[in-house]
Amino acid sequence: MTVSSGKTTRLNRLFNPKDGRAVCVAADHGWMSDPTPNVLELKRILGQVVLGGADGILVSFGTALRMSQFFEGKNSPALLIRADWMNMPRLGGSNLSNILPVVNFKKKATSCAKDALLVGASAITIYYFIGYSDEFEAINIEQAACFAKECRKIGLPLIIEPMAVGGMVTGVNVTEILIASGRIAAEIGADALKIPYTNDVKTFKKLVDEAGVPVLVLGGAKSDDPRDALELADEALRAGASGTVFGRNVTKAQDPRKMVEDICALVHGGMSIDEILGTGIKKRGRLRPVAVNCTGCQLCEIACVHYHSTDFDQSSHRLRIEYKFRPNEPRISKPIVCPLCEKCVDACKEEALTLGSGGYLVLDQSRCNSCGDCVTACPLDLVMCDRQGIPLFCDMCEGDPQCVLWCKPHAIVLTQPKGAEKHVS
Amino acid sequence: MSLKDRGYADNVLRVNLTNQRCTTERLDPDVMKLLLGGKGLGAYYLYKESIPHADPLSPENPFIFVVGPLTGTSAPTSGRFGVVTKSPATHTFLDSYCGGFFGQTMKFAGYDAIIVEGASSNPLTLVIDNEQVHLEDAKELWGTTTAEATKKLKAKHGEGFQTVVIGPAGERMSPISGLFNDERTAGRGGAGAVLGSKKLKGIAVRGTGSVQVHNPVEFDEAAWVAYRMLRMSNQIKRLNDDGTANILGLVNAAGALPTRNYQEGQFEHSAEMTGEAWRKEYWTRSIGCYGCPISCSKIAHAKTRDVAIDGPDFETIWAMGVNCGITDKEAIIYSNYLCDLYGVDTISVGNIVGFVMELVQKKMISAAELDGVKAEWGNGDALVALTEKIAKGEGIGELLQKGVREISKHYPGSEDFAMQVKGLEMPAYHPNAAKGIGLSYAVSERGACHLRGSPLTIRWRPKEKPSSFKRTNPILRSLTQRFCVTS
Amino acid sequence: MSSNVGKNIRMSDFIDSRDNRCLMLDLTLASSVGAQPGTENISETLGRCNAVFDGIILNPGQLEHHAELVGGKMRAAPLVRIDWTNAYRDKDFCLPASTVTRVTLSDGEDALGLGASAVVATFLLGFGEDPESENIRSISLLARECYRLSLPLLVDVRPIGGRISSDNYMGSIKLGTSFMMEAGADALILPDCDAETCALIGKWASIPVMLRLDEIPTGEKIEQLFNLGMSGIVLSEKILPASGIEEKLTSLKQLVHC
């Protein structure tokens, strides 16, 4: 790839020369939507982001002027300037929880590349909206081409952010549109892309390959679970992405610094998500139901069944949702999970069922004589026999309980009670 | 590769109520390639087995329960089931859908579809325990409310059984009656009346079988990604926080929230009716349907009337609230409760009450005709009183339960504000604010339906002031006549 | 103010001065509809093709990023496509165009900075009055800029709008040729046309005319079109997926520059 020396040196400031990757944080939300807490607390959050070791921060022109201290110093993040403005987050149709909703989609170029260069930017970022209307896309292309021309002249890298938005975008064509838009942006003159994940590695790899320029994946709406954002980044990296530009998943995180550190560990450190979050390691713990959170959707049962067999059925789950019916009231549900009371272990005369070293129940099938004592011993009716007479019991998915993973409202959690180790050899 | 490896049960249960015989048959693998999901399957059987010009309430009209290949798997939100039949409200194709827990149980019992044909002379219930199927007498259930019938069926057969039942309105063959799985409803289009005409009070089903997918590893990955997308979606978060009513403010701002029987497109008290307002005042907890992490359903507790229900959802809040100019939430909850109990569709009931209130406003109906109910805009007690009459089919309710189209025939001059298409009362999106919606209502096989082509989110820009909408009935009528075959 | 020296030198980068013929490749469809079969990896495509062709038409972004693969003595000269249009988005594309637009991506100065030997503009015909007049205006401005900069301007005439039928197709090509010569184009790229039209344009046009082809022409066809007064061939990216393309292109090169 040949670019002018201005572009080369500035891209080197953004992408870590060792691995060619970058962890960026988008903090331009106050420029386009309501002053939510992450906007009001921007200064504090950006301080955290810098400490976390981000390679670049995307901000508006005004923020760049007011908070230039974050970008001073050789090892501080590169300054990326959002050079345009749009009103998509306030567009009725998807959202009304904002102060002043709008009906028509607008986008304007607001900074010129030269001004961005003068305040020390390492790149500018602009949108490329595709799918709203042919006319609107043409305006986007024209603006992008204009920025590309200017950037070439002054040696400033241009990051284009294709977004498939509008009534012409459907679940069926969105991936194809994103793939095409990435390449279109590169043809116009993008030096790198900021683009949403297509939600699977195969199609995203196609996007990255066909674009031919470095691709930074964006995070989208904030998830309650930091694992979601990390998983998304991990998959994008496997597809060949050169890094991330996460916004709300960082700025709305409880600990933005930790979140940036985690992403850096993934992108630069080559660590796995399980290593970063300390999951996946077979942890000793117990399942605890939080009845008040339960919505009764039975996803825990589905996850349980499907972990233990390739089929789906409604009868072989090792936990259950119990419903209570009261007159003039809808059903109320609560999860019944194995508390590891070990009554089944005590009942097993053959010593086939034991509490294993991992802290979960294991069955030695060669010793099991299908007597069914464990089934009758269970005070919660959670142990049952399959068609071959083999007992089915909660084995905590060998230390990584799927019910906990799939329960969105956190009605089943994993806790580490004291004395859990007492039986562990 | 057999259908069984691809999510299907490859089994259809056929129940003939006339000769009380139950048989099963396989799916046709060649045909299945051409059909999409449960709706396709239901449409296929209805097309194949119905007789032209058959009366929807005659034994010749088959009634089909369907599920899709994803039902029973971990695919998020796949737990719904559908019913397909000829509608007594629209006299054409009807597919109506319902969440809850019946769908996957039917699949686990081993059925992709249950076709109910013929009619019985005495009340029956259908009991399905996996492959064991029988019909039993339902004399003691006939006339009971949905809650009571459900309770009795579960008491008799066990908690492991899932049920669908019709209420007294379905038994009376009201074209606004639906069928009920616990508190979830397949409400629109009069499905309950068809079962009522067959004298089938309900179905109890238990299923302990399983569903296979072709490639479990890839299926898992796809399901997990879908699940992650749900968790990372702003829209889903709003749906989770504020229920389906989270869009009420938006629809209102767009001028598309039909107010006082569609006279206007904006409600001056809309802030009191948003999901947020309901959450703060009335919602006690979220509940989810099978396999759905969204849990848009909220339990609402009406303190003064001491009932708690699953609901009201957006359409109900609009129909019984905004469309009648009502902000009395307790009245809305209680009316919804009555609708559930007697087995009628809340959207249609809200529409009927709104229509009656406009008749009153225009002095085309007297209080005496309404059995003394003072049906003025915003009167919550009138809503409850009229709902009760409709639900029970008593007094003026006997006429009102027939739907807006039938009622307007009794009041000459009222056709232009009888808000219905093909006999189905209109849902919560005003076509004046989004003309495409009007076209969608006109050409939808189900009549004015909120689940069909929904050109809502784009170009939602009313040209007129929402407060001065002219109702579009003549346009809708001409569209309907031009594009659709109706009886 | 300006002589034609610059134009002549740059033009000779891609039209061989020995035989006044040229063989070019157009890789710019991707700006409208994304990567095409054979252009998924543009640097690999350029590596394969840059010794065969006299010129390769690229979008500005691609020329900027792959300048080392084009130009110079042994390689194809780079030409820059100066505009973008959604006119090629038909029903096969995930987002078919309903309103056809054309916007300018670059200008002569930018193209010179990128090292281009010429700029290529698109003249769309048959889409109605507004797009046509806007297109004419934009190309006229560009022609004046190119004159000042001594940069050759090629115009790609595309009669593909809804108002084009089989009856007026050949006529539209003639009309486009006339308009663009009047506007000040230095060379034209025309769609494949029948012998009669070719002969007429060959005699009439005083500037080089190339034919745009979607498949590799036979020896017979090449001979015929040069005999009719054409100056060269512009192949589209549609030829790339064919099997044994390298050999086919090598023999094509020999046929063109015999």
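Should a chain be cited, it is by its letter among A, B and C, assigned in written order, with residues numbered from 1 in that chain.
Simple rule for what comes next: contacts are C-beta pairs under 8 Å (C-beta built on N, C-alpha and C of every residue); 3 or more make two chains touch, one makes a residue touch a chain.
None of these values were measured; they are calculated from a predicted model.
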item	value
Furthest chain, CA centroid comparison against chain B	C
Chain centroid nearest the full-protein CA centroid	A
Cα-centroid distance, chain A relative to chain C, in whole angstrom	45
Inter-centroid spacing, chain C versus chain B (mean Cα positions, whole Å)	59
Centre-of-Cα separation between chain B and chain A, whole angstrom	35
Chain B partner contacts - residues on chain A that touch it in the complex	92-97, 101, 103-104, 132, 166-167, 199-200, 219-225, 228-229, 231-232, 292, 295-299, 302-303, 306, 309-315, 323, 325, 327-333, 406, 408-409
Chain C residues within the chain A interface of the complex	28, 30-35, 40-43, 59-62, 64-68, 84, 86, 93-95, 97-107, 110, 113-114
Chain C-touching residues of chain A, taken from the complex the two chains share	1-3, 130-131, 133-135, 137-138, 141-142, 145, 148-149, 152-153, 168, 173, 176-177, 179-191, 209-210, 212-213
Sites on chain B touched by chain A in the complex	72-74, 76, 101, 104-105, 108, 147, 151, 154, 159, 182-183, 207-213, 216, 220-222, 225, 227-235, 237-238, 246-247, 249-250, 253-254, 285-293, 295, 299, 306-310, 337, 455-461
